Amino acid sequence: MSPTERHEDAPVIGVRPPRVAVEGFEGPLDLLLELVEEKKLDILTVRLGDLAAEYLARVRALGQLPADEAAAFLWLASRLVLLKARSLLPSLEPIPEEEDAVSEDELRARLIEYAAVRQRAAALGDRLRAGERAFHREGGTVELPPRGGDTDALAAAWSRVLVLAQRQHREQIEVPPERYSVAQRTAEIEEIVAREGSVTFDRLLGEAPTLSFAVVTFISLLDLYRKLAIDLEQDELFGEIGIVRKAPAAAPAARGGGSADRREEKGTGVAGAEKREEGASAERPGE
Amino acid sequence: MRSDLANRIEAVLFVAEKPVSRSELARIAGATPRQLDGALAELGAAYEGTGLRLQHDGDEWQIATAPEMAPFVASYLGADRLRLSPASLETLSVIAYRQPITRAEVEAVRGVNCDQTIYTLMSRRLIEERGRKETPGRPILYGTTWEFLECFGLTSLDQLPAVMSEPVATEP
Amino acid sequence: MRSDLANRIEAVLFVAEKPVSRSELARIAGATPRQLDGALAELGAAYEGTGLRLQHDGDEWQIATAPEMAPFVASYLGADRLRLSPASLETLSVIAYRQPITRAEVEAVRGVNCDQTIYTLMSRRLIEERGRKETPGRPILYGTTWEFLECFGLTSLDQLPAVMSEPVATEP
């Protein structure tokens, strides 16, 4: 089973400083590669089994792994221990049950590929940060009487608009502001921060916050800050606000957390659509 | 060798769907009015013998296709179907099904700024102004044109295909 | 002196709302595929050192602004910069360099579940569905979009940055 990605995307478009690195790893391969790089070992020659003990120690230190992620990390750990054992006892023949186990070569190949992926991602990230992108035009200045409009396409566009508008409308109805008390929101935020260690203010707001939801969220943060439960970080004026867990989290509030998650999920539908529109405006002058 | 300032102006005018004023160009390109005039002249000269032209109406500047290219442009645009971006098509659908309607009302339905798409649809003669709404600010009302009917092969607006969803309130 | 054919192509690409295929360009400009390729190369070369450039994704062509002009164009359009998390960038890089590719294949490379990042990249129009893989379950294949090329300032996929360690092929 694959672990789930940890780094969630900061709201897509917007002038924000890069996210502060989140603790933890993207997955077992990420952790293994980190070890290789930290120790300045050559992926091509290092005996991966030799990293077993260190890998296990790091997994132990990670602390809060959700069950499914732990499985993936431990699966890799067991492979490493097996490779180590084989290298110590060369006479050890693979037993039939191990046939599906990943071999040193396969693991190495995956690690090499993953290292390339990380380099490529970094190269793409550099390009993105450099901001040297292209823009196309929509061509709006043509003086010719158009022909050949498709009424079905027009009706489909209208349907799409209606669906989006209704979804936004529903969102407003289903999340009435009075549903959020400061106490409840405080508990929710406490739970999120306890679970994730840190979170951004933007994420707490979700994609399309109502004014009262934003206000309640903000007051809750001030309250938590006053109680020394969290730290607040902001690198620059108008920059992203980071909320970081301070004291070991109190018992998470079971009641509040659910609705925060639901809100986030529900937000995704509408937000996705809005994001597309925003994306469109960033990429072309159409809107 | 083209100057960097001329290239900045070119890029901005390229993406702009409407003419851009001299003062806005100068501000965006970071140039004095005098430098800007020089760069505009440079760009205009560079377009000689190409498929594009630099045009201006008073202080408003834009890039357009060269008149000699009209047959090919017409052949592409008029070919067999209307070419509109999804965004423009959505704005058109709102206006077609809800006319007469103000820009603010269109934006309330679509949830995004519709300046550019309304401009595009106006320039394609698919929509037109239909007087003013008698509310504060007297905003312009938009409706579809007879070219719209012709373009979509409709004899009247009653023939617009019915859609399933129930209408939602459009008041902003 | 620019050829007339290059100018025709320029004018058509200038008014086009979407990338135009090679075959359509050839038809409209009245050229053979061979002549067209020559004219496209000519136009691409003519754009060097200007505010524009010619980009293509396979056989689809488009004029876009030069990446160096991005700050000015963004300032005019009021466009914000796209930001992606490290996780999304990893998923995007796997897809960009290995397209078309299924989600399971992306996950095999990254070693983590990629549902969320694929959704994110789809909603930003950086990737799109490219049909189905003819294997059991017929999983969806993903590839990058035009917007991807534009966002990263690439004129074509050939321009993807090369990295030091080139991996060996792995099939999941």
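Order of writing sets the chain letters: A, B and C. Residues in each chain are counted from 1.
The rule we apply is simple: contacts are C-beta pairs under 8 Å (C-beta built on N, C-alpha and C of every residue); 3 or more make two chains touch, one makes a residue touch a chain.
Everything numeric here is computed off the predicted structure, so don't read it as measured data.
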Subject >> Chain closest to the middle, measuring from C-alpha centroids that were averaged per chain >> reply: C
Original post:
If you take the mean of the Cα atoms for each chain, which one ends up farthest from subunit B?
Top reply: A
Original post:
Distance from the CA centroid of subunit A to that of subunit B, rounded to the nearest Å?
Top reply: 38
Original post:
How many angstrom lie between the CA centroids of subunit A and subunit C, rounded to a whole number?
Top reply: 25
Original post:
For subunit C, which residues are shared contacts with two or more other chains?
Top reply: 14-17, 63, 65-66, 68, 73, 77
Original post:
Which residue numbers or ranges of subunit A touch two or more of the other chains?
Top reply: 135-139, 141-142, 278, 280-281, 285
**OP:** Under the touch definition given earlier, write down the residues of subunit A that touch subunit C in their complex.
**Re:** 2-10, 12-16, 18-19, 26-30, 43, 72, 106, 109-110, 112-125, 127-128, 130-139, 141-142, 272, 275-276, 278-283, 285
Original post:
In their complex, what parts of subunit B are in touch with subunit A?
Top reply: 11, 14-18, 62, 64, 73-74, 77-83, 85-90, 92-94, 96-97, 109-117, 119-120, 123-126, 147-148, 150-154, 159-169
Original post:
What does subunit A use to touch subunit B in their complex?
Top reply: 135-155, 157-166, 168-169, 273-274, 277-278, 280-281, 284-287
**OP:** Please name which positions on subunit C make contact with subunit B in the complex.
**Re:** 1-2, 6-12, 14-18, 20, 24, 28-29, 46, 49-52, 63, 65-66, 68-69, 72-73, 75-77
